[in-house]
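These notes open a run of structures that come right after.
What follows is a pair of complexes built around chain A, which joins chain B in one and chain C in the other.
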Partner chain A sequence: MNKVDADGVVYIVDDDHAVRDSLSFLMKSVGLRSSAHSSADEFMKAFDPEQPGCIVLDIRMPGISGLDLQEALNAQKSITPIIFITGHGDVPMAVEAMQGGAVDFLQKPFRDQELLDRIQSAMQADQTLRRELEGKNALLKRFETLTPREKEILNHVVAGKANKVIAFDLGVSQRTVEIHRARVMEKMAARSLAHLVRMHIAMDIPTEQGPQT
Partner chain B sequence: MSERVPVYNALKCNMTVPQDTSTISIIDADEHAVVSVQEMLGGLEAGFSIYCDAESFLLSVHDGQPLPACLITELLLPGLSGLELFRLLKANEAHVPTVLVTAEASVPMAVQAIRAGVADYFLKPLNEPRLRHVVATILGRTAQQPVSDGGMRRG
Partner chain C sequence: MFAALDVVAMHTTMISPMHGLYAAPGCGFYLHAAQPQRAHRIIGKTPLLKQVLAYRALPRNSVAKCPTVSRDGPAFAHQAVPRIVKIDAQLETLSTRTLQRLNLALSAGRLLAWELSGDSSVVKISGPGEPGWANALSARNIDFDEAMRRVHEDDRQRVREAFNAAPEEGSVTVVEYRIRTGTGALRWVRNHIMTTGSASNGQPDKSGISRDITLSVRPGHRSSSFSTLLEEHEQTLQHAPLGILTLSTRGKIQTVNEAGLKLAGLDGSRTVGREALRLVHSDDRGDIARAFANLISGELSHAIVPHRLHTGAGNVVYVQTHFALVHDGRGRPAKIIAMVRDMTDQMAREKEMDVHREKLAHVSRLGTMGQMAAGLAHELNQPLSAIATYAQACRRLLDGESLDKEQFRMALDQVVDQAHRAGDVIRRMRSLARGTASMRVRCHMNELLPELLPLLNSEARHAHVEIQTVIADDLPAIVGDPVQIQQVLLNLMRNGVDAMRDVADGDRVLTVSVQETGTGFVRIAVGDSGPGVDADADQHLFEPFFTTKENGMGMGLSISESIAKSHGGKIGYEPSETGGSVFWFTIPTETMRQSA
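For the complex of A and B:
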């Protein structure tokens, strides 16, 4: 069987202990870490949104239902993917779950491999997304070390303007622009102008004027 | 069958199809179903264009009919299914917010449809208030932003 990156945790939330046991065993058998919970409340106490992984969630549970839990997780901007499992799912429920952002909705009984495949693709997507977000945050951190003037120069540089033009626009000497520009490249750890432009795009900051803060 | 090729290519030759923000297209082979959808959506200020299958819808687009603001199609149609039609439109960058309706209570099919990006998936008999709400929302959004994406997925 295919292995998933051992980094992630598979949260199992189901009020039926037989299901929890068999899923925990299944995860263990393919080398996945799992964390099983009998209710949404119990799960919320253990859940770490920063941890990569996925949530295998029973849709019908006493107390907080799977769909309510999904809504609560969406409200706190969790990006951890949810795979719903259900013994008696109907179409409106499946539609609601999927529209709420679930990555999948499986009806019991399902084959072990079917669930494992879904878990694997969910966890891969989760890791990719987290890596992207991490990359973006790291860039923003670098960006915040720039002085207001350097940010201004950065915006001009990524707009494709030559130093001469920037100097004219800002009413400073070309030498000053060169020095600022070098500082920007250094602080942003940019290997080239193209690299700087790519980082700027990744940060998603408006080009014309730097941000207000 | 010989007619299928031009139909499949219809969109390709007509990529920048205009969108009519006040038309709802309904595709269903069952006349009664069409009438009942029309009645349910009577209060909305929109016109209807009716087709009995996906192919005739595509042909009308090929003949220069603007894309509708909203497409309500039965899943099970004689030729291309409602979902296949949606996928074909999407693949050709014709973003038409689409509502699938069907009597087939299949969870995997519903999951597949929402994942493909359809706006909603209804079982017959239709829930009238919900259908009205969904279509009104789509029309409102399309009016603001002429070529909008059909999907409602999280970003």
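For the complex of A and C:
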């Protein structure tokens, strides 16, 4: 199988100890780190949202069910992907789980490869998403160093306007626009205009300060 | 007897003041020979005795000088007075003899003479040789009402009517009724009531004779002789539907009635003198010998023993025999009376009922299993899933570079455990689905309850219900059909889970507690945290076809009740302290059943 990020942790939540232990054993056999819990409560105490990985969650449990836990995690803005496992005949629950953002749904008993593949792709997706978020966060941090005027100039620049047009729109000299633009490029560490535009899209900030046209 | 008494009464139509004997012609007598000083009470305020004594001193024909007697005294005195003046020495001797004869007659007839004053409502009872049964009455003068209280409550109305009937002087009413003696026993009494005065002062005076007729005459039957009575008893005995035998204390048959002979399939000549135990099925002789021993030692006053009889035709009859010990005059065991009831029909009926009940219980179990199918499949899926995962992980370990043997063995152990777990679920399902005849075996609740839990696990999980069990230590063994007991428990537990559908998650707790009652039963109680049972519904919970569920048949609790009852236990409902319901049932312990 493909190698998964060694930092990832597979959280296992199932009240049936045999199922739980066998899953832990399987994770161990392929060198994955796992953290097994017998109830939603127990899991919530140990869960670290910053920790990359995925959750293998039994849909039916006494007390707080798998679906309730999913809802609680969504409310916490957790991005850790969930793979639901369940006995047969729980299709309506599966639909609900997928609508709630679950990445996958497996019926017990499952083929190990099937589960491991899904864990792997979930963890990869998690990794990518976390990296993306990390990048976005860095960009936003840089963006926050800009002055209000510089932010205004940035919006005009990424809208594809020439310096002359920007100077006219803002009622300043072309030279002033050039100085601000150079500082924006520097602060945002943009290698080119195209790079700046991509960063702007990645930041995904609302453009109410943008040009009216 | 009464004819003789009438003759006596005719001879006493005169008054002898010497002996305190007063009489009015044709209307009875008053006897006060022993207590002349009491005489004044009969006629109220007038001190009759003094007046009577005064008569002796008076010359003949001077009755006019005693006007008070005729004016204040009762009518008989008035009538008697003219004759008093005619008393001479000869007559006095005659009346003494008459008095003696009267005493003799009363004593020989065991009669009680009494009188009732209309004014004072006092019953005065006297008699020369009072019969024993009247002891309680004659100990003192008693109130009329008090005397009435001794009369059997069903007869009181009749007695009162008899006392009120025939108010004309000299008329006689006869009434038969029961009285309660000082020892509490009932005796039949025939009372001749005669009106001896006019009703001038309210109620007329009454006097009469009472006679104990318990032994000689039964109510409604005029004069039945002792021999007729014996004959009737004998006929009753012979035609009784019970086999009735008298046995010696050693168990030899002394007498037997027709029904008894018929039951045993024998004729009289071959039965009397035989050892009763030899007619009994050999396996049951021990029970009867024990009952005999207990009777003769005085430990029991009677014993009821179900057993089998060998008939002369070689068949076996199921009977139930009631043994009672009879003592002789000195209180020593004299004989044993055995009443044998043929139970064949009843046994057949009960057996048929058992078969029906078992069939119904089985159908109901199958229905339950059907409803539980999805949950049971899930319950099998868990161990199968674990087995598959362990096995696949083991394969990965084998394919790897180094093999941790210890880890590998641990995984294989788990595979074995989980395979057994799955097998257990199937075994329990099959035993519940089984349809064999009801049986009674020794079993333990601390085995039956845990066996049931895996079957319910999945349903409880699905409903987010937590099951808590509290099983008391040192629980005694019970006797019953394990599958049926589990059926009742399963039923109550599933009802409990069902009752909590609308309760908030996390508050759904089903508690099963098992404890000894201390009265020879084990009590299994299932409590839920649901909304409880409606007040108007709890009267009908155990009726067939009563249900509060949308898809319920209403058979579960009704069948559970019949199972609990057929085990000799009970089933019940009570609201729980926390607002939910508690359904419980009891099953007798092993020791309870042995002693029963």
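Note that in this section the second predicted complex is superposed on the first by the 202 of 213 C-alpha atoms of A that agree within 3 Å, B and C clash if a C-alpha of one lies under 4 Å from a C-alpha of the other, contacts with A are read in each partner's own complex, and residues count from 1 in each chain.
Note that a contact is a pair of C-beta atoms (placed from the backbone, for glycine too) under 8 Å apart; a residue touches a chain by one contact, two chains touch by 3 or more.
Being a predicted model, the structure only gives us computed values, none of them experimental.
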item	value
Fit or clash between chain C and chain B when superposed on chain A	fit
Chain B or chain C, by number of chain A residues touched	C
C-alpha centroid angle, chain C to chain B via chain A, nearest 10°	70
Partner chain(s) touched by A:V91 [first = chain B, second = chain C, both, neither]	first
Partner chain in contact with A:V30 - chain B first, chain C second, else both or neither	second
First (chain B), second (chain C), both or neither touched by A:G101	first
Which superposed partner A:G171 touches (first chain B, second chain C, both, neither)	neither
Chain B versus chain C as contact partner of A:D112, first or second or both or neither	second
Lowest C-alpha to C-alpha distance for chain C against chain B (Å)	13
Chain A positions touched by chain B in one structure and by chain C in the second	89
Footprint of chain C on chain A - complex, ascending	15-16, 18-19, 21-23, 25-26, 28-30, 60-65, 68, 87-89, 108-112
Residues of chain A defined as touching chain B within the complex	74, 89-92, 94-95, 98-99, 101, 104-105, 107
Contact footprint of chain A on chain B as seen in their complex	105-108, 110-111, 114-115, 120-121, 123, 152-154
In the complex, chain C residues that touch chain A	374, 377-378, 381-390, 392-394, 396-397, 400, 407, 411, 414, 417-418, 421, 458, 460-462, 464-466, 505-506
